[in-house]
Amino acid sequence: MRENKVKKIWAEGGAVINGWLGIPSSVSAENMARAGWDSLVIDMQHGLVDYSSAVPMLQAISTTDTVPMARVPWNLPDLMMKMLDAGAYGIVCPMINTRAQCEEFISNCRYAPKGRRSFGPTRAVWYAGADYAQHANDTLITMAMIETQEAMDNLDEILSTPGLDAIYVGPADLGLSLVGIPAADPTNETTRAAIKTIADACKRHKVAAGIHCYASPYAKEMISWGYQFVTLASDNALLATMAKATVGAMREGTVEATKGLY
Amino acid sequence: MRENKVKKIWAEGGAVINGWLGIPSSVSAENMARAGWDSLVIDMQHGLVDYSSAVPMLQAISTTDTVPMARVPWNLPDLMMKMLDAGAYGIVCPMINTRAQCEEFISNCRYAPKGRRSFGPTRAVWYAGADYAQHANDTLITMAMIETQEAMDNLDEILSTPGLDAIYVGPADLGLSLVGIPAADPTNETTRAAIKTIADACKRHKVAAGIHCYASPYAKEMISWGYQFVTLASDNALLATMAKATVGAMREGTVEATKGLY
Amino acid sequence: MRENKVKKIWAEGGAVINGWLGIPSSVSAENMARAGWDSLVIDMQHGLVDYSSAVPMLQAISTTDTVPMARVPWNLPDLMMKMLDAGAYGIVCPMINTRAQCEEFISNCRYAPKGRRSFGPTRAVWYAGADYAQHANDTLITMAMIETQEAMDNLDEILSTPGLDAIYVGPADLGLSLVGIPAADPTNETTRAAIKTIADACKRHKVAAGIHCYASPYAKEMISWGYQFVTLASDNALLATMAKATVGAMREGTVEATKGLY
Amino acid sequence: MRENKVKKIWAEGGAVINGWLGIPSSVSAENMARAGWDSLVIDMQHGLVDYSSAVPMLQAISTTDTVPMARVPWNLPDLMMKMLDAGAYGIVCPMINTRAQCEEFISNCRYAPKGRRSFGPTRAVWYAGADYAQHANDTLITMAMIETQEAMDNLDEILSTPGLDAIYVGPADLGLSLVGIPAADPTNETTRAAIKTIADACKRHKVAAGIHCYASPYAKEMISWGYQFVTLASDNALLATMAKATVGAMREGTVEATKGLY
Amino acid sequence: MRENKVKKIWAEGGAVINGWLGIPSSVSAENMARAGWDSLVIDMQHGLVDYSSAVPMLQAISTTDTVPMARVPWNLPDLMMKMLDAGAYGIVCPMINTRAQCEEFISNCRYAPKGRRSFGPTRAVWYAGADYAQHANDTLITMAMIETQEAMDNLDEILSTPGLDAIYVGPADLGLSLVGIPAADPTNETTRAAIKTIADACKRHKVAAGIHCYASPYAKEMISWGYQFVTLASDNALLATMAKATVGAMREGTVEATKGLY
Amino acid sequence: MRENKVKKIWAEGGAVINGWLGIPSSVSAENMARAGWDSLVIDMQHGLVDYSSAVPMLQAISTTDTVPMARVPWNLPDLMMKMLDAGAYGIVCPMINTRAQCEEFISNCRYAPKGRRSFGPTRAVWYAGADYAQHANDTLITMAMIETQEAMDNLDEILSTPGLDAIYVGPADLGLSLVGIPAADPTNETTRAAIKTIADACKRHKVAAGIHCYASPYAKEMISWGYQFVTLASDNALLATMAKATVGAMREGTVEATKGLY
């Protein structure tokens, strides 16, 4: 089975630089897949993507060695299993607030006897190889999102769930839950303290810690805190930022100044 | 009929800051439409876009007051007329090398007696208003691409074609044709001289001059030369640039340095 | 944040004239959005629409000031949250039969501390404005469908659920449940009595009452009963009705009579 | 090979009641296909339809015995042949103004030795039967659009083109060309006289006459003039008409009168 | 209402030859629908298909008299009801392990008073006829998948669920659960014994037995065991098998041998 | 630039085993790309594919080292250039009957000074590498279809066109033109003689010879005649053949024999 590079980087003690896909297009996905990210997560929760666009996006990513993953919109078995069958090498599941929710999530991603994932890896075999059935349980990544006060309260229970590979912090929802502020790259001390707490707990439980960031300085700080999987913005955010910066550069004085010159 | 803001900016002597769409998605199109561009050209020639994706892209742009235009892949009547019927407010036509080609192009974009455009502006009426038929010929923009030695040789004949609103310089093809170098934002003197020649000729013929640029300093220089329509890169280029810059910022020392720390 | 016109009409004591979209096309959606409806509901339950077609339909509606809403297929969090993130200004949720179901529905549509909606309003911010996070809970509409005997039995409990803006009567399912007849615009007295009961209960609870109608006389009667949100047929029904009427008008005598004349 | 019902109706001296499809959806296409039309034309010229949506639309029509046809955007061989291979039973070609154009059109629709249509009727065989190759030339309909003064000038030459089954009048373009008015169901005498002239010429040449109409009284008049193929509006027009009428019926007094009552 | 041929074959004591669709295309679906299968199941679990591709696939199947069915990804009400509304004549539901799960599944597929299916059979009426509401409960097939040890333990309870028409054995998941081997056409004795047990139990309960097979000899054996619904491979498997066989036939000696000859 | 394996095989004197794609799906395309073909041609002429489905198909093929090519529907510049920009490594152009047509075809596929291809290889650079501009003219394959008597008459003129890499025989159209029989794998002596003539002429002109075949024995014979590029059937044909064979195997005796046994 094709190796999961994300797991390899983790095993070597490195941090994964992850990209985020919310534009429902295989073209933007291939564009992103060639930008040097270690992995890409197709965001089927807050991105504008559903299964019908995610499959060609997985194919587009598969033209490179970037690791393809997906965030599903909720802890429900249908889409998780479909995305794994389509070749995703990891699932990010939002709103894991209790041990029971985490166990159900993992069960959906693992074949018996470790879980209840149904067998039928149609495209996954194409991407991963003919020995997929034997190695899938050990290769595919499960990432549970920690993003509420309730999850903080149940942190150790969640982190000790057998089969959990990693967690993923959603800072906006976490801040919303803790202090009522859904900010990216939070500066609020309460939220930052929680983010630190999570990193430390992950180390104790030997679970990889991941976090959604916006800017690279923040992401680097998170790596220095022990996070081994950092996301930088998203395709939509990168595009909007660059487009606005470009227009802004043009608007500075130039346009008004030239009016009437022609 | 809804006013064409591009024509208004030209009438006021200003320069249009134009964006370029090559990702076949209404989501990236709406993202770009909110970035402040005066107009957006859907690139159906070198972009990965065809009619089936262009229609929702036009709709996405129409949620804003950014002017929607399209570049067609060739000087053929079918797609030009379809894009105008779908609500495009201007057509950029590649490879206009002769007066006859320019006349045919313009004829396809104008109703009788000025041209042979067939009547049936299905979505155009939704976007532009019920009086579309009366004002379309005067509102919709025709932009002929000047991008070969042959076009340079026929420049005055092309520019004097009745009904031609503007030209659009394709520097890559122009450089390829003149000096064998398909560069963006060309620095080659021969190509630059041609670009200057075109701007001067446009002034003489009272035809607006447009040009495809990559970076804002170059675009500003072009405006100083008299260009009144400058394109900055494309959605694909903006996304790739920002993604690579972001990954690059993360790779600088950080990742390697942290390997083995966890 | 962009105002929700449906709420405004309700606040003024008016009735919302609502259209219904079951054709999975952004073209028919834009067509309908220009017909004068106050709001349009994308029907993801019985319409032939899923998320991949709903996003361009939302964009098409957003070219006008018609309020975009969506009916989801079931009381599950995934699609509700996705549609809100995509810019829907209200969610119609079928088969709310108990207070607990209603509370879960509303929780999915509200940010903490009022609910568990996850934060990430990607397109919603484009449509609604940058202050979406602050005002979303007060702007977005929750409409619970009352359409079974069980819901009638729990009517007051359901209507008193905090955060419930409106209910929506599904007369076909209600008739099926009450008297075994899934009719549109029901004439059956038992069903009509229930519809009246619901309107009266809504007034007591200060919850807006909505109902799915077929023909305008029935819808007007419903308004006279106190309903403030009436739907007329659907795009599929309007198209089929008009097409059959047109063909019928042609078939009347004409065709047979002319056979053999040429 | 499956019989072409349009040809059968013509042979019996009857008039074909034809519907028109401009919404790019297989759902609206199937809806229309069940409304009783003898045939349906997928409008790839002024409709919002291209090949990728036309194929599922052909499949949707094929669930009924309505005859599927297509109007292509221009007299070019690529799309005509593709639509025939996809199972269209007739091609309407716009802007046939000369005998040479008509000959080229027909050549694209006929196998050697009658034309240059390339062989590969992939889906056509599924729809029509295994003996398609033998009967296609005699079964598939060619309809040339007469819609300019130039076409009127060349009418007899066009109508005598071998292999031409029918013509189709485009009244909007014809009116635009003749008197500068692109009206549906034209009342202008010059245009009406031309429409009459065409019908009479078709009888002389034993070519079926078709015309694009809007309302049924006009279509019936055209049948009385000898037209054997009349189109009534389009899916987009039928939907818009019915939607606006429905909203209008609701707005009449009702809404305003009830404001403030609740 | 259009008859369900699958039920008819069962009533006559015959076995249904079923095909399986995992390619998300209406073209491959129509291709398969013309190959002689009694019925086709659109696989929305392990196939690469979701609702947006399934609707045109249902339309494509409806051009023939092959019975259209669907396998949903999980026992959730949303998609089941949507597929029935879109015209599926049966639902295959995976992972039915308990009586309660089976009852919920069936409830989702039946109108009141037999279930909680919501009323709105938009396309189903087009396919099945105007009297759909009266006959749907008796015409549409419910097939519960038996594929775990837990289901084997609860076999009689599951099979005696009122309204259950048939079961469907998933041999890969069953083998995975029973003996840890997810094989198609299992030869393992434990799994075979379970498959036999299921067939015998189905006879006792007068429930039709179905099974997913790969090769025809195995399927024939299953028919001899009493299975009345056998699936052969899938479109993806058929295509891959034939493509590899064809390439293999070409590679045998030929290519290498001819190298250097030209 | 990524090497073109088809050219390499030709240079080594081998024959290319080519597959053919007519199903408009990236899933069937990836399935085929993993079956061992040296190259795959996306058939945009007689296949049910257009540009919007071809782009994801190219991406799907690019997950393997199978060489991606495309057949365009006609000798027109627009789609050829778009497909090359999207990463096709060769263009098959139908109906090349004269030297002038061949020159125009090749001009569309080559950058100046060898042709008029416009510069903008958006996805091609992703697939082929950053040095695409320098090597494209020498790497991308031009294949002109020889399929009429007229082409036979002009064979030497066509084959000596500078820049022509290969020809591709369309036996169905060739047979239709020569003897009125559009057969695959023709057995007719006149057609076979022409096919032989073409192979011999290709050797003289050092142009690779390709041919569309159906069955492997015929393809092997063609290789023995000197053809270095043979296509075997198509995805649609492979699927239909295998599906019908499978159903046929099941129908043999089994089904009828078991009726009434249950």
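So that you can tell them apart, the chains are marked A, B, C, D, E and F in the order they are listed, and the count of residues begins at 1 in each.
The rule is simple: a residue touches a chain if its C-beta (ideal position, glycine included) is under 8 Å from a C-beta of that chain, and two chains touch if they have at least 3 such contacts.
Please read all numbers here as calculations on a predicted model, not as lab measurements.
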Same vs different contact residues, subunit D with subunit E, by half of numbers used: same
Rotation angle superposing subunit A onto its copy subunit C by C-alpha atoms, nearest 5 degrees: 120
Between C-D and A-F, the pair joined by more C-beta contacts: C-D
Furthest chain, CA centroid comparison against subunit B: E
Interchain centroid distance [CA atoms averaged], subunit E/subunit F, Å: 36
CA centroid of subunit A to CA centroid of subunit D, Å: 51
Set of subunit D residues in contact with two or more other chains: 22, 24, 27, 31, 34, 48, 50, 52, 55, 76, 79, 123, 236
Chain-level touch network, classified as line, ring, star, complete or other: other
Interchain contacts, given as pairs of chains that touch: A-B, A-C, A-E, A-F, B-C, B-D, B-F, C-D, C-E, D-E, D-F, E-F
Subunit E residues touching subunit A - in the complex, by the definition given at the top: 22, 24, 45-48, 50, 52-53, 72-74, 76, 79, 94-95, 147-148, 170, 172-173, 176-177, 180, 182, 236
Subunit D residues touching subunit F - in the complex, by the definition given at the top: 50-52, 55, 76-79, 81-82, 85-86, 111-113, 116, 118-123, 133
Of all residues in subunit E, those that touch subunit F in their complex: 12-15, 17, 19, 22-25, 27-28, 31-32, 34-37, 48, 203, 216, 219-220, 223-224, 226, 228, 230, 232-233, 235-236, 238-244, 246-251, 254-256, 258-262
Contact set on subunit F toward subunit A in their complex: 26-27, 30-31, 34, 55-56, 59-60, 62-63, 123, 126-127
